[in-house]
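In the two complexes below, subunit A is the common chain; its partner is subunit B in one and subunit C in the other.
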Partner chain A sequence: MELWIDFARGPLFALTFLIMLLGLARLIIIQIYSIVARKGRRLINAPWKKIFREALSWVIPVRHLIPGTKIFSIVSFSCHIGLILVPLFLANHIVLWEDLFDINLPQLSSSVADYLTLFTIVCLFILFGFRVFSIRLRSMSRKSDYVILIVVLLPFITGYMAVHPKMNPFSWNVVMLLHLLSAALLFILIPFTKLAHIVLFFFDRISAIHWQLRPGAGDQVAESLYGKEAKV
Partner chain B sequence: MNEKAVEHQETRETIIPVRKYPYYIEKPPKENRVGRFLEAFAAVLKYSDYKPLLDSYCTSNTKCNRCAVACPVFLATGDPRDIPCYRTNLILDIYKRYFTIGGAIKARLTNGFELTEEIIDDMLDGFYRCTACRRCTRECPLGVDHGLITRLARYVLSLIGIVPKALQVSVREQLEGTTHNTSKVPKEALINTLEFLSEELEDLLGVKMTFPVDRPGREYVFFCAVSDYLLEPETLMGNAAVLYAAGDWDKWTVGTHNYDGINYGLFYSDWHLENIIKQLVAEVTRLKGEKILIGECGHASRSAHDFVPVFAGKEAYPVTNFMEYTLKCIQEGRIKLDRDIVTKRVTYHDPCNIARSGWIVQQPREILKAFVNDFVEMKPSGQDNYCCGGGGGLVSIDEIHEFRMSVAGKIKAEQLRQTGAEICIAPCANCKKQLKELVEYYKIPCTVMGLHDLILKAIHIPGGKSPQERKEEAALMEM
Partner chain C sequence: MNNRVRVLKDIFWILSFSGLVAALLRMLFGLGATTNLTDGIPWGLWKVFNMIAGVALSTSGFTVGFLVYVLRLDRFKPYLKPAILIAFLGYGCSCLALLFDIGLPYRFWHPIFMWNINSFLFEVFWCVLLYFTVTAIELAPLIFEGLKAQKLVKFFHGIAFVVVIIGISLSSLHHSSLGSLFLVSPQRLYPLWYSPRLPLLFILSAMGGGIMLLVMVRIIWAKFYNPEPVFGPVSRQETTMIHDSRGLVCAVSSRKEPGFEMPDISRLALIGTGILLIYLLLKITDLVALGTWRELLSGQSESWLYGIELTFGLLLPLVLMLNPRTRNKPVPVGVAAGLAAFGMVFNRLNVGIFGYFRDAEVVYFPSLTEWALGLGVIAAAGLVFLGLAEYLPVFDDKPANAYLRKIKIKSTSTSHQVWNVVLADSLHRVSLLAVFVIPISFILMYPPYRGSEAALIKPSLGVDLQRSILEIDGDRRGYTTTFNHADHQRRLGDTGSCARCHHICVPKDKSTPCFRCHQYMHDSTNIFNHEEHKLFVARDEKLNGWHPENYACEKCHSVGTPRTKNSARDCLECHRENMFLVGEPTKEMKLMYASSFCLAMHENCLACHRQEAVKPEYAHLGECSTCHKTLQRKDREKIVTAEVM
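Up next, the complex of A and B:
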């Protein structure tokens, strides 16, 4: 068992993490390349200030607490805090980052990390509940939307159990292995599923650039479908 | 709501669209709509720049559903099919399945999504229930621009012949007809109208203003929604009064080759958008003008302001909305407005096309504050305003009047009622038409008018009758 844990903690972690990084890098590169290639100099005139201002309005999204979605919004916004902080700054993880990449990250005190983890788990469960019980949300959700929520939940739950042996009915080794494996699964899924919004959120936001349509394209489309004499 | 939701629980393929509000299509395609749709979509993707954005959207779209409560249409119907994100996913699914590698592989492995005739029905219904007001975009944490997607879907649909007849007929006249405008107003009728307006103005203000037609080398070339010449003489007279009082009467002109600012291409087609813009710019070039001055019209302003720089190349003249111009005149002290004329309570409706981007929000308010004493805001207003319910070209489609009233405009009507205002300013040809119909439908005691209609009442005209005198005259007339 320990061998497995070592494997999951070492090569498997490194590999899946690398897959995630490369996958995300691929998304970013494709986006930047295709936008620059297609829009070229027109990018200079884009309303960058506005784009950044709008994006920043979501860091502390008080303005966006509109009636009808208040609870959902508060929960989903706040679960992101734990989703970002815990994986990066938990004491046990910091050792990992040091081993692998030789970087020193600041540490989250263990009680804060504890509460944050619990809080995140609760939030994720509530979100899951929304997907199941809200007709509105359910009507839009596909299988993957549920599966992904579970995949995100797993490392948090197993991680919490590993740190709190008292709450853990299984052996530490099993839980730890599950923790590592579910994290690996999460890493792999990130660049290929909607979780990719951790980098794509920025590219989603720049629709102002995409409104700058390509001159001549309309005529080309019409011509290719209906020939030169295309009529309205 | 529950009934609809239950119906919706079945998989998407089995949904039979309930098209309660059908619109006329000139020659609806009958055969192989799926194949033709895909062919048209492929052509659009090949020649235009939509790919990166669609890639990003279809990977990262989290379907969090926050947009639902931002959308006036969904709020009115509660039908999940009116959720912006649901609708956007109609087209994203097609893109993913047929135009990405991942989607193609997935389709081989599973018998997943296929484009069907029913989905085409769903789209032709759904995308003309959206008013493209882009309110939802501001509430999407990822900033997904559902307005842009609606427009893209309509564009592809239009390429296979699915487009409301009302829009298509107007655009055809504008691009291929003899009058080059959407309302088929011939040049002679334009000149007659201008003469008529000039006489009216003389009666009203006591000064003679002859409208400048086809004068070359003027600073501003003026375009309004051509329907204003037929339906909104007061707005135009207000525009004229400002130009006259500011001493700019010899700085502007109307052209007779093209005098229509309307651009339905903004609502459904890149092809038409570009060619209408080019036609507009050509007129300014012909008249050796320097700037484009757009009258009170939201979508005309946005299409010129945003797309002249994109499509006109070297001829990209600066675009000014008339309200910007008027505010400048007030700030420079070139026109004076009388504070004692308008005593009624006034509110302001923000046309989505100029307000959503934050371009024109403060200007009209500053103008109003210069002469209106009892001004109330709608809640919410400005960039977060609700669409009047006639956006995205819907207002021109007469056959869906009931939809515009009972669904799309429902929230707006409520908002308007709550202000208790007697006058609602809507500086946009489309919003004005829709709001006028709304106040009638919901029996709200409120008059809808343009901003310059009101200015016309309060403006001081050098050498003419004073606003007070005019007010008394009008009161006499009413008696």
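Up next, the complex of A and C:
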């Protein structure tokens, strides 16, 4: 069992983490390339100030709440606090970063990390419940949405159990191995599913660039929708 | 785009990416950690395959140049451009591979300023350097033509003749010198391959092999892009439609007559064959003259290797080419050319690597890193070749892009569709390959993950009952060190002196031998068994719960901090009595890792020896030969047999 944990902690972690990093880098490159290739010179005249102000407003998206899914949006947003903070700044993980990349990150105190983890787990369960029980959200959800929620949930649950071995009905080794494997699965899924919004978020939110239409574009759209005679 | 070309490019990209990772790891970790090279076989895949064989394969640049510019055979003019491109890329990837093969790559420029005129390698270095420049100049018109800089094209065309002549003389110099490299070791190289005429053999086979490679590339190129000039036109009447089992319609066409370019290609191949024929005759004469043909019948592994080289690399292509029935058909000519090129490479491997196995008494097989870099460099050159030839008129009057057509999707398989249609954009496709190939090749080649390949250290060879003299040969390499245990014990103060060397013991043991903890020759060993400690602590402390060992963590690790070796209690808090530790433990002494056997022995013995060596009467204690008396294994055998006689 120790050998398996060592394998998951060493080569498997390196493999999946590298796949994630390169995959995300690939998405960034493709995004930038496609924006530059499609828009070309028109990027210079784009209203950058407005675009960035718009994009920044999404970091705390209070203004963008839509009536009807308000609770869902709030839960989903607050869930992200734990999702970002705990994997990066948990004391046990800081040791890992230090070993691997030789960087010193500030540390979350263990009680804060515990509460954040529990809070995130609860949030994720609520999100899952919404997707199952709310008719509106159920009709918007695909199969992958449920699977991804579970995959994100797994490392948090197993991680919490590994930190508190006394509350853990299984052997520590088993839980730790599950924690590592589920994290590896998450790493691989990140660049190839909607979890890619880790980096694509920034590109989605500057979508104002994409909507700079060419002169006469409206006529073309109308033509392709309603036939030649249509005019805007 | 043509599907076959795309698959080929995918393979090339995969190899290049893994080569990139290999290059990075070699730079970070050095040759010892990444290659399987030893003192016995110091020239491995990169040197022999990439450098010596790679340079030899790119001779077509000067041979075709000789045919066109000196002999004025204008019919071979269309082959000049691909030949020069092959030469440029071949020399380029040889130099690149050599850069990673030399110990200190950042000193590659030293031979330019620090001349050692007695060395063959010095001459090879200069010739390769100059000839690489020459091929670059020869290639320049093609590139500038693509860039539409007509003045520069005219200039380079003007100096072409001079440059080609320089190229020919440089080539004839260094291809023979590459053979001379092996003249310095007549005792080491197996007699089948050693000959005083190696330089001549090398240059002849290189010329033949280079032309044959050009022929092979031309035919494969035709197969991929524009089959008509080589494989002949498709006659309309012969095309038939067949319904296969999946219900798809296939057009089966037959080509009866070879294309209009085939006679020229076959003439070029015949010139190569002629050179190879002279090479074969010379080789056989050499065997007879030196009397080494007996080795061929001895049934050793070397005679088999020589046999393979001779039959598949020389005789078979000669038969295919000299037979009038086959020498005008593209497929047999392509096969013959491929075999001849293979035979030439195999000859270089034989001379450079396999021929030394018997003398070095080791068998060398390249590590994954060596394969990745060796093939990756060639694959990258292949990509450059395809890229240049697709956008510039290399083989024909127009770039190959003109022959490429969009793939028509016939398959209904989803994965196939995704790969070919959704990822049709080369950026999407190549970057996706990189995302998977780079991490996988990284963890496969990362030296610390390769695990300790060294065997476990074994107990000393000869131990008598009193433990008076130990003959230590930890890794059983045949180099023993004699350690007079009783003598040391007596001199250091009889009983009670054990502790001066046996610094720590396995719990409840009194004199644990060194190799129990220092388990590898050059690697440290983890001597702390975490798994068992959890179970033992839970048992000793009588812990309860579903899994008692889950409650044991806090017995050693302090609460609230990450559970690492730094947050753990010192081992000696529990083990002070039963491990017989000597002296006060240092702060780093977490007793997790034992250093390598080599390091431990040297530290343990030398600490005392150095101290004593200061005294004039014990000056010899500071010398290596005081302990390492053993001669080489081979010489030992000789001494033993001499004593017996």
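What we mean here is this: the second predicted complex is superposed on the first by the 208 of 232 C-alpha atoms of A that agree within 3 Å, B and C clash if a C-alpha of one lies under 4 Å from a C-alpha of the other, contacts with A are read in each partner's own complex, and residues count from 1 in each chain.
Everything below uses one rule, namely that a contact is a pair of C-beta atoms (placed from the backbone, for glycine too) under 8 Å apart; a residue touches a chain by one contact, two chains touch by 3 or more.
Computed from a predicted structure; not experimentally measured.
Contacts of A:I30 after superposition: both subunit B and subunit C are touched. When the two structures are aligned on the shared chain, A:K39 is found in touch with subunit B, with no touch to subunit C. In the superposed pair of complexes, A:G227 makes contact with neither subunit B nor subunit C.
When the shared chain is aligned, subunit B comes close enough to touch A:K194, but subunit C does not.
In the superposition on chain A, A:P106 contacts neither subunit B nor subunit C. Ranked by how many residues of subunit A each touches, subunit B and subunit C are led by B. Using the contact criterion defined above for the overlaid structures, shared-chain residue A:M1 touches subunit C, although it does not reach subunit B.
Subunit A uses residues 30 to touch subunit B in one structure and subunit C in the other.
Here subunit B touches subunit A in the complex through residues 1-2, 5, 8-9, 39-40, 43-44, 46-53, 55-57, 59-66, 68-70, 75, 80, 83, 85-86, 89, 102, 137-139, 141-145, 148, 159, 168, 171-172, 175-176, 269-275, 306-307, 309-311, 313, 357-358, going by the rule given at the top. Only residues 427-428, 431-432, 434-436, 438-440, 442-443, 446, 449, 530-531, 534, 545-547, 549-551, 553, 560-564 of subunit C touch subunit A when the two sit together in their complex. For subunit A in complex with subunit B, the residues that touch the partner chain are 27, 30-31, 34-35, 38-39, 42, 45, 47, 50, 54-55, 58, 61, 64, 66-69, 72-73, 76, 134-137, 139-141, 145, 192-194, 196-197, 200-201, 203-207, 210-222, 224-225, 231-232. Within the complex formed with subunit C, the residues of subunit A that make contact are 1-2, 10-11, 14-16, 18-19, 22-23, 26, 29-30, 33, 91-92, 94-95, 110, 165-166, 168-173, 191.
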